[in-house]
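Every chain is named by a letter (A, B and C) in the order it is written, and numbering of its residues begins at 1.
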Amino acid sequence: MTSRLSLALVIGLLAALCAVPLIAKVFGFAFLMTLFTRIVILAIAAVSLNFILGYGGMISLGHAVYIGIGGYTVGILAYHGIHSAFVQWPLALLLCALFAFITGLLSLRTRGVYFLMITLAFAQMIYFLTVGLEKYGGDDGLTIHQRSTVGGLLNLSDKETFYYVCLACLVLCVILAWRMSLSHFGMVVRGSRSNDRRMQALGLPTYWYRLVAFVVAGVMCGLAGVLLANHTDFISPEMLSWTRSGDLIIMVVVGGVGTVLGPVIGTTAYLVLEQAMSGISEHWQIGFGLLLVLMSIFRRGGIAALLSGLRR
Amino acid sequence: MEDRRKYLKHTAAVIGTRAAAVLLAAAAVFSTSAMAQQKVRIGFVNTFSGPNASIGIDERDGFEIALDHLGRKMGGLEVEMFYEDDQQKPEVGKQGTEKLIQSQKVNFLTGYNWSNVLLASLKPAVDSQTFLISGNAGPSQIAGELCSPYFFSASWQNDQTPMALGEVLNRKAVKSLYIVSPNYAAGKDMAEGVKRTFKGQVVGEEYTRWPGQLDFSAELSKVRAAKPEAVFVFYPGAAGAQFFQQYNQAGLKGQIPLYSVYTTDATTLGQIKELALGTLSTQSWVQDLDNPVSKRFVSDFRKKHKRYPSYYSAQHYDAAMLINSAVVAVKGDLSKKDAMRDAMRKADFPNTRGTFKFNSNHFPVQNFYLQEVVKDTEGNLTMKTVETVFTGHKDLFSGKCSMTW
Amino acid sequence: MRLFVEQCLNGIQFGLLLFLLAAGLTLVFGIMDLVNLAHGSLYMVGAYFAATFARRFDSFVLGLLLALVAALLLGIVLELLVVRRLYPRDHLDHVLATFGLILFFNEGARLVWGVAGLTLPLPPFLSSVVDLFGVPYPAYRLAIITVGLLVAVFLYVLVQHTRVGMLIRAGAANREMVGALGVNIKLLYTIIFGVGACLAGLAGIMAAPILTVQVGMGESILILAFVVIVIGGIGSVRGAFIAALIVGVIDTVGRAYLADGLRLILNAAAASTAAPALSSMLIYLMMAAVLVVRPEGLFPAPGVRR
C-alpha cells in the first residue's frame, strides 16, 4: 500500500496510539494504559510474525517461543540481581538470534505443514524447559521485582514512559519490516513464497535469504518478549505455549497478511474486541470463535484489505 | 485530480475521527462509575471454573455468610463485592488482581486459594498499597522475605498443617513414610512441613504435575513397590477425590494407611464418599469446634446452603471479620491505612478459631487439631476433632521477615 | 522388575489412548489435507457426552455407546456445516477456523455443562484389580488397552480389507485421482471425518473416568496427538499406532525413571519438576529429528508426495 490513503491511515493510527496516555489520564482509566501497552507490545510480535508468514509464507506455530526467550532472559537476570537494560536486552536478543539461527537451519529444510510442526516442536521443547526450571518457578512462574534500569535515563516503572518506549519500538519495527519488504532482500523472500523453484532457477540461494528473515523475525519477537516481561513484572511458561503462538497467527491474519499495518491493526482489533466482548458477556468466546470461523471461510485479506478497498 | 485529492483527504479525516471515536468508546467500555468513598470495595480473586470451582464457591459462601452477619455493612459503609475468576492459573489471577486494583479501585483484596496465584498477585497489590487478606494460601516466601505491611493471612502458613501431621505420625510410632504431593509452591511447602517434624524415615517422595495430572498410576505403582508404613498426600479439590479412588482401585486402601492434609474436607467428601471414613488429617479449624462464633457460623451456613462448611469457608468468614475490624476502627475513613493496619494487628475480631493472634509477619498464631472423617447423626459425612496437636503454634519463617511492630 | 512391567503397561495404555485420538487426526490430515486443531474439542465433547449419558441412564456401558453415537453425529454435522468449506482454502485458514472452533466448543461446553466439570464414576466391575502374571493391575486400565487394541484391529481390517479402506488408502496417496475416478469424494470425506470424530470421542470417553471431564482437556493431549502423527507419518494409521505406543511408553516410563535418575544430582522436588519436562522434551526432540531426517514420517502412506 503506497497510496496517500495509507499515509493518512498511518498518521491517524500513530496519533491515536500516542493519545492513549492522555486519554487515560484525563478520564482516569488506568486500565486503558495497561491494555494498550499490551497491544503495542504484542503488535511488535505480530509484525515480526507477519514478516515471515505474510511475506515469506512460512507459517510458524512456535513463534511465541521468542517472547519466552526474551522474557525469561530478563526475568532470570533480574532474579540474580542484574537489572541493567544494557546487559539484559542485548543478551536476550542475542539468544533469540542464536535460537532462530539454529532452529531455522533445521526447520527451513521443510515446508508447509511440516514447517508448522517442526517450529511447534522447537517451541514446545523450550516450553518444557521453562516448566522444568524449578529454580525460576517452573509452572508457577517468577515475579520480577524490578524492571530493567536504563542507567538513570528513563524510568521504566513509570507507566507513561514505558508506554512511549514500547510505542517507539513498535514504530521502529514497523519501519524496519516495511523497508526490508521493499528491498531486494524482501523481494527474494516474497518471491520464494510464490515460486521457490523459479527463484532458485534465477540463481538465488533462497534458503539463506529465508534464514536471515527467520532470524530477524525471531530477534524482533524477542524484543516483544523483553518488553512484555517488564510490563507484567512476571514470567511464566504460559508466555510461550502453543496457544499463544496461535493467538499471534490470528492477529496477523485478522489484520491482513503481508501488509505493513495489518499486524498492528489486527492486534488492536483482537485485544480490544476481547476486552469489550468479555465485558458484555461471560460467554463471549462463543461469539468470538464463530467470528473466527466465519472470517476464515469468507476471508479476503483481513481488515487492512477492507480499508484499502475504500479506494475503489 | 483535485477531486481525488479531496476524496483522499476526506477519507483520511473520516478514518481519523472514527479511530478516535473507537478509542473513546473503548475507553468508555472500561470505565468505572464515578465513586466517592461511600462504599467499601472488596475484590475477591478465586477459582470459579474448572474442576476446583467448588472450593472457590465454598470460600465465597463463607465470606458471604460473614457479610450477612454484618448486615452487608462495615463501619456504616455499604460493602460492594467484585469477584474475579483466576481459573487456577497464576497469570490469570494476577491479571484479575490488576483489573480489580486499576478498574474497580478496590480497597481490599481477598480470596486467593492457591499459593502460586497468590505469589504472582502479591506485587501489584503491594505496589499499589492495597491490603491483601489471604483467605487460604500461605506460601513460605510471603511468611519470610516477601512479607509486607499490606499482607495479612486469615488462614495459616502452608508448612504448619503438615507439621502437625508429622507430629501425629510420631505419636503413632510410624517408622517409614511415602510422600506424594503436587509440584507447585504449596505442594512443596506441605512436603517440607511433614519432613520437619516427622522423626521416621521418608522412603519415597513423588511430585506430580499440577494441576494437569489426575492419573496417579505411576506414583501408586512406586508406593506399592516401596512398602511404607504410611502414605502422606496433599491433593486439594478434585485431585483429592481422584487420588482416593485410584488408591482404592490399586488395592492399597486396606494395606497402607493414608494420611493427608487438605484432601478430605467438606468440598471433597461428597465425591470420595465412604472411602474416606476414618481418614485422619490435621487442620486449624474443625466443624465441631466449641466456640460461639464457630457454632453460629456452622449452623447458619448449613441452614443457607444445606451442606457442611469447610475450613476454606471458615477462614474466609474470619477474613471478612478481620477486614471489618479495620474499617470499624477508622470509622469508615479508608484512607487511614496505617490505622487500619494497627487495628488488624490487634486481631480483635470475632473469629471461628476461638483464639487468634498475629505473628510478626502477619500470619496467625493458632492451634492445630487432629480430625477424623465420621458420619454425623443424620448420616452425613463430616469431620470430628480427635485431639489438639499444637497450641498457639507459630510458623517458622518470621525470622526471615524484616517487619517489626 | 514388577514395577517396570507396571510402568510399561501404563505407557501402553496411555499410548493406545493417544492412538485413538491420532488415528482420526492422521486420516483427516492425510486425505483431506486439513489441519484440524479442534480435534481435541471432539475428544472433550465425547467425554462430556459419556458423563452425561452414563448419569442419565445410570449405566456406564449404555452411556458409552450413546456417547459414541453422539460423537459420530457431531462429527458429521461439523463436517457438513464448517469443515467442508475449508477444503479449498489454505492451511492458514484451517488454523484460523479450527482455532475459532476450539473457542466455540470450550465456551459452549461451559454453557451447556457448567463451569465445574463432571466426573464419570466407574461401575464396580471395572473398579477392581486384576492379577496379571503376579502384577496387580487396575481392571479399568486393562479395559482401555483392550479397547485400544480392538479398535486398532478394526481399523486395520477396515483400511486393508474393505472397499472404503481402499478408497482411504487411495485418497491418502492421490486425492485428485480418486475424485477424477468418479468416486463420491464428498461422501467419503464426510465418512472419514465422522469416523475420526467418533474415535476422538471414544478416546475422551475412555479417558473420562481417570481424568476429570473439564473444559480445555483436549488442548494438551491434542499436541501430543500431532506429534504422534508426524512421527508415524501423516495419513498412515499403522504409523499412528506404532508412534503412539512409542510416545506413550517414553512419556510414562520417562516420567517415572528419569525422576529417579535425576534425584542423584538434584533434590526431589527439582527432580520431579525436571523429569516430566525432560521426557516431554525428549518426545519433541524425536519429532524434530524425524522431520529433519525423514519428513514423511516413519511409516508414511505409500505414494505420498508432499
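Please note the rule applied: contacts are C-beta pairs under 8 Å (C-beta built on N, C-alpha and C of every residue); 3 or more make two chains touch, one makes a residue touch a chain.
Quick caveat, the model's predicted, so the values are computed rather than measured.
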Far-end chain from subunit C, centres as C-alpha averages: B
Pair with more cross-chain C-beta pairs in contact, given B-C and A-C: A-C
Inter-centroid spacing, subunit C versus subunit B (mean Cα positions, whole Å): 36
Approximate Å spacing (C-alpha centroids) for the pair subunit A, subunit C: 31
Multi-partner residues of subunit C (at least 2 other chains): 110, 269, 273, 276
Residues within subunit A bordering two or more other chains: 138-139
Multi-partner residues of subunit B (at least 2 other chains): 183, 209
Touching residues on subunit C, where the partner in the complex is subunit B: 2-3, 6-7, 10, 110, 115-117, 119, 122, 127-129, 136, 138-141, 210-212, 214-216, 220, 252, 255-256, 259, 268-269, 272-273, 276
Residues of subunit B touching subunit A in the complex: 5, 8-9, 11-12, 15-16, 19-20, 22-24, 26-27, 29-31, 89-91, 94, 98-99, 102-103, 115-116, 119-120, 122-124, 183-185, 209-210
Of subunit A, residues touching subunit C in the complex: 53, 59, 61, 106, 109-110, 112-114, 116-118, 120-122, 124-125, 128-129, 131-135, 138-139, 242-243, 246, 249-250, 253, 257, 283-286, 288-293, 295-297, 299
List of subunit C residues in touch with subunit A within their complex: 29, 35, 37, 82, 85-86, 89, 91-97, 99-108, 110-111, 219, 223, 226-227, 230, 234, 266, 269-270, 273-274, 276-278, 280-281, 284-285, 287-288, 291-292, 295, 306
Complex contact set, residues of subunit A against subunit B: 3-5, 8-9, 11-13, 15-16, 19-20, 23-24, 27, 29-32, 34-35, 138-141, 143, 145, 232-234, 236, 238, 272, 275-276, 279, 307, 310
